[in-house]
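The following blocks contain the structures, represented as structure tokens.
First chain A sits with chain B, and in the next complex the same chain sits with chain C.
On to the complex of A and B.
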């Protein structure tokens, strides 16, 4: 029979084992990587994971005398799972830094865990403006709200696209981007003819596209998540909107590097604004793309994987600065204001908002060496999150 | 206006082809097969693999999708489904939803989670003007194919010997067997045919509805709406229901985009209140 005493003894042993663990494994710093590896957002998870691995492959497994161990966990894109996993990682696995978070609600759900455990979390994918104020321990390397939409608005007005219909997916990031684009566009003197919001789980874009066509704008500004984005592009062409003289502009989500070749010739000539193109011309990016292709059967990195890559860079650099100390508040402190040259170009962590400040490029889809790429033709430097700045 | 109607009809036709297999299994064989969408997905992926990996023409992919899904349906019917005809509906639901989850996970593992895209032959892409109405070529193709199929299906069920055997087997399994009808064979063929239609629907829908591993879950609701509004005892019921839903969905999203996605559900509720047994029911069973 198991008495209370034996139970206590067992518990006591288990407890001392947990306490003893950090002492014996002094040299290891664990980083918890929480991503949707299955479910509808699995492609996000795969890209970020590949980016993280690419960084480790290029920069070694140890930094500041510590060995880095990445613990990858799958949350399948479900917020309560994300939170449970984050908690387990912090409490049971002794993780000192969290990373990942594919979608806004997933990132939001871990905020209380971070605040209580004082563990920093680097967001590699989720983009809405509303996340950052939730916790002092959030730092972001993906994109800050409608960052990429603002230059598109400026560019559109400069290029005589004055009457625009916006079409966004009806959820947090979509509404953020609609707001960011519309504010800038109106400020520059453009007119929004109509604002269409499309349900997130929308199988057929036909009626919405017809509506856009019938209101005869100069251009339609589009944000939909990258998976359905490719479907959108095909239907855009099928409906003959291009022939009707309506230009397609948007954020880079619709011309995701990962899917661009699958969309085919339909994508040619589409103008988007975004922070990363796999064709970005820099030695950092060449090394990154090469490593990604080598390690993942020729997979082309997209903007998700660069978020993962930079998150690792931020983790490494901050550990260097603290000489390997893993105190949460200290790590966040040294991350603030950090600047470096990422494969996407120069980026900075804003010391006030802990959010990313980066260059946004205007790109056009063109064929390069038989493949479709986003070819950058203009740079809008040091764009901040316009929604946060307005406060 | 007419363009919207046209798009709605094309969408409805697609829904019908996807869902009519479900009508057959649910209405005629009295089996609740929530895994129906998985067969549609199988057809879609067969098309994607054939076109993108082997460069086979789209027109050959359609029959191939039909045959592949029908074969999968046949094998599953013989090995798994046939043991469940006599069990309660709840067990059938649990069993088939389990198949859905397995199909989703397996597809994700083998094909990856991303959206699959196909490139249509040039004569099917783009649009043309018919009497001043803008018409998408592929949508026109969809309407023609689906209408032909619906007609053929109706004729098979009502005019052929196989159709009458099937109806006999459904109405009274024991008597039908006593009359020398090979009921298990009839059921197996019917199930395979229904699955094949779903596969064809999945193949044709890949361009309009998209295709990813969550396809069976995403569209299960639409199938069930079509079948529940249309009733399960005829083919024409679900056909009209699919048309109605397709047009209402497209028109709703066009004219009132703010509440567009709800139109289809509101319509379903109204229809079910007015005709609880479906549009053309033979009265309650």
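On to the complex of A and C.
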């Protein structure tokens, strides 16, 4: 009797002895993809994963004589999980390259692992400027701080929108973007009437929109995370801001390609600045969009998935340059200064900051073939992270 | 203490009861041996073992309030999170040595526990649930708003820990981290155990069963609750400190509601009122979660939910009572009951 009970207890612990697979075969290079696949940011994870898969589908599974194996893990958007998973992937699974990281704190939390293990990490989603200095092993393919907001400021002043209210979500990226927009806008001669910050956790915009309406600006500049963008648009219409003659401008997060059709006609005419539109006219983008739709039941790629796609491209190209060598410092070295034509357009990895330098497009939401799209009408080439440039 | 008469028979009976209650159980030995063995047998699993140890300490501290004093708390993570932030800030601004941070975090969380304990003296279970939940939410929002101190939504980063006591460096494999957390868990559990199986702990159980009657036999219920809540807060704060120190990062998530819910879940799985439920629950919960999320990164939440529903249907009591079927003690002498 005793032994049986004892065994049961011991078995409980033995359960944990799921043996880590040892000795990766010579020709396999493992890439750890850590994303929020569940929880409030699951859509980010879904898009990035789809982007990564699309790249593999289009470019094959091997590069420089090595087979690429992507190990997908879910961190549910919780930072200590991200950190543990990243560390386990490096230590147990022998991952040579990390990718993903949906939110700023998630990316921040892995910095010590990268520094200690000397493994590069390509950020596909998180955007705050503060991440990059945390580790020499971070490289980014999403967006650098308020990159997309700066051209919007310039454009607004040129188009006679000189009195603007800013409305951003009250967290790292929101404050980054508010700062980036405001600095550029003032430099170009505009006036910020009011700066409104909306709590991230409680997205009821009604009272804030009323405040915007009361201050009668020419336009309201908006940044909210893409998921709540549709809610924002709905309330924007309900509050009658459009009738009051207040134009809506913002970063592309509010007119996210993935959600745009769901927002409906209310979105028409909204002007945004961003780095990617699914309608971007290039052969690279056509192939990408087609592959995404084919593999994901017609899902339209958004700016998150293009981040994943380019992260894979960066991984492939750097492995080509090192002839398949996976030394972390070497990989980061060859990534620096790399340029290529992504589905979003021409992009470069800044050799100094390891951050992305890309064109920002001004777009207007229009109906094309019965669907809503961000139609690009102006290009601001080679925008760097304004925060990093200021330093 | 139940012995109220001065008769020596009753006194010796009471002494015997206390002794029996506090005897080292068979499974306790197994737990610690297994935990030490894991260090040697599973070198690649140090990180998840560390996570288990931290969650276990957190859960054991909640069991002290929930299982013994009968206070249902949905805001226990307030202490956990405060401890994490204190440990992070201490490492960032003052001392990189972790034990100092651990103790300061414990004291800080204990202070918060002491202050807020007066709020839970009033009202029934539901009010307590709401009060503790409210405190947790307030702490979370404070951490978010005080970005100058806590880093706000970006989290607190950029600190690294020195060697423990100046001797043991944290390594990438997490070995030092595991041993460190295990030692703290062991010491913490032993201290709480000493407390829980003392007359003090017994009086808590009396309060849990019927506060009014407990008062009538001269148990100062309010004082006891304040004390035990404060002590539990100290250990919860230490658990938070361990998390901050082993990951050298504090995200605002340490104060998130789901952590309070998770730790309640852990106790539900492991059973309440005997402290080790926290440890058993933490092992089971973390392993199942980790395993499922590797097998199916997209849909593991579904299976966790399913398992929980099944667990509750099977019966929480039946689940928790399995421990009673384990052999009681190591000593050979079969003592008579009461």
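Here are a few things to note about the model shown:
Going forward, the second predicted complex is superposed on the first by the 366 of 391 C-alpha atoms of A that agree within 3 Å, B and C clash if a C-alpha of one lies under 4 Å from a C-alpha of the other, contacts with A are read in each partner's own complex, and residues count from 1 in each chain.
By definition in this document, a contact is a pair of C-beta atoms (placed from the backbone, for glycine too) under 8 Å apart; a residue touches a chain by one contact, two chains touch by 3 or more.
Because the structure is predicted, anything quoted here is derived from the model rather than measured.
With both structures placed on the common chain, the touch criterion links A:211 to chain B but leaves chain C unconnected.
In the superposition on chain A, the chain among chain B and chain C reaching more residues of chain A is C.
When both complexes are overlaid on chain A, the residue A:112 reaches chain C alone and has no touch with chain B. Applying the stated contact rule after C-alpha superposition, one finds that A:157 touches neither chain B nor chain C. Once the two complexes are overlaid on the shared chain, A:38 sits against chain B and chain C alike. Using the contact criterion defined above for the overlaid structures, shared-chain residue A:299 touches neither chain B nor chain C, since it reaches no partner. Legend: residue contacts after superposition of the two complexes on their common chain; A:338 is shown touching neither chain B nor chain C.
Across the superposed pair, chain B and chain C both touch chain A at residues 38, 46, 201.
Taken together, the chain C residues at the contact with chain A in this complex read 26-27, 30-31, 34, 37-38, 41-42, 44-45, 47-49, 51, 144, 152-155, 157-158, 160, 172-174, 243, 247-249, 251-254, 256, 280, 283-284, 287, 291, 293-294, 297-298, 300-301, 325-327. Of all residues in chain A, only 38-43, 46, 196-199, 201-204, 206-208, 210-211, 227-228, 230-231, 234-235, 237-240, 258-259, 262-264 touch chain B in the complex they form. Across the interface of their complex, chain A is touched by residues 3-4, 7, 11, 105, 108, 112-117, 119, 125-127, 134, 136, 138, 207-210, 212-214, 218-219, 222, 249-254, 257-258, 260-261 of chain B. The touching residues of chain A, counted against chain C in their complex, run 1-2, 5-6, 9-10, 12-13, 15-20, 37-38, 46, 72-74, 76, 78-80, 83-84, 87-88, 90-92, 104-106, 108-109, 111-113, 116-117, 128, 130, 134, 170-172, 200-201.
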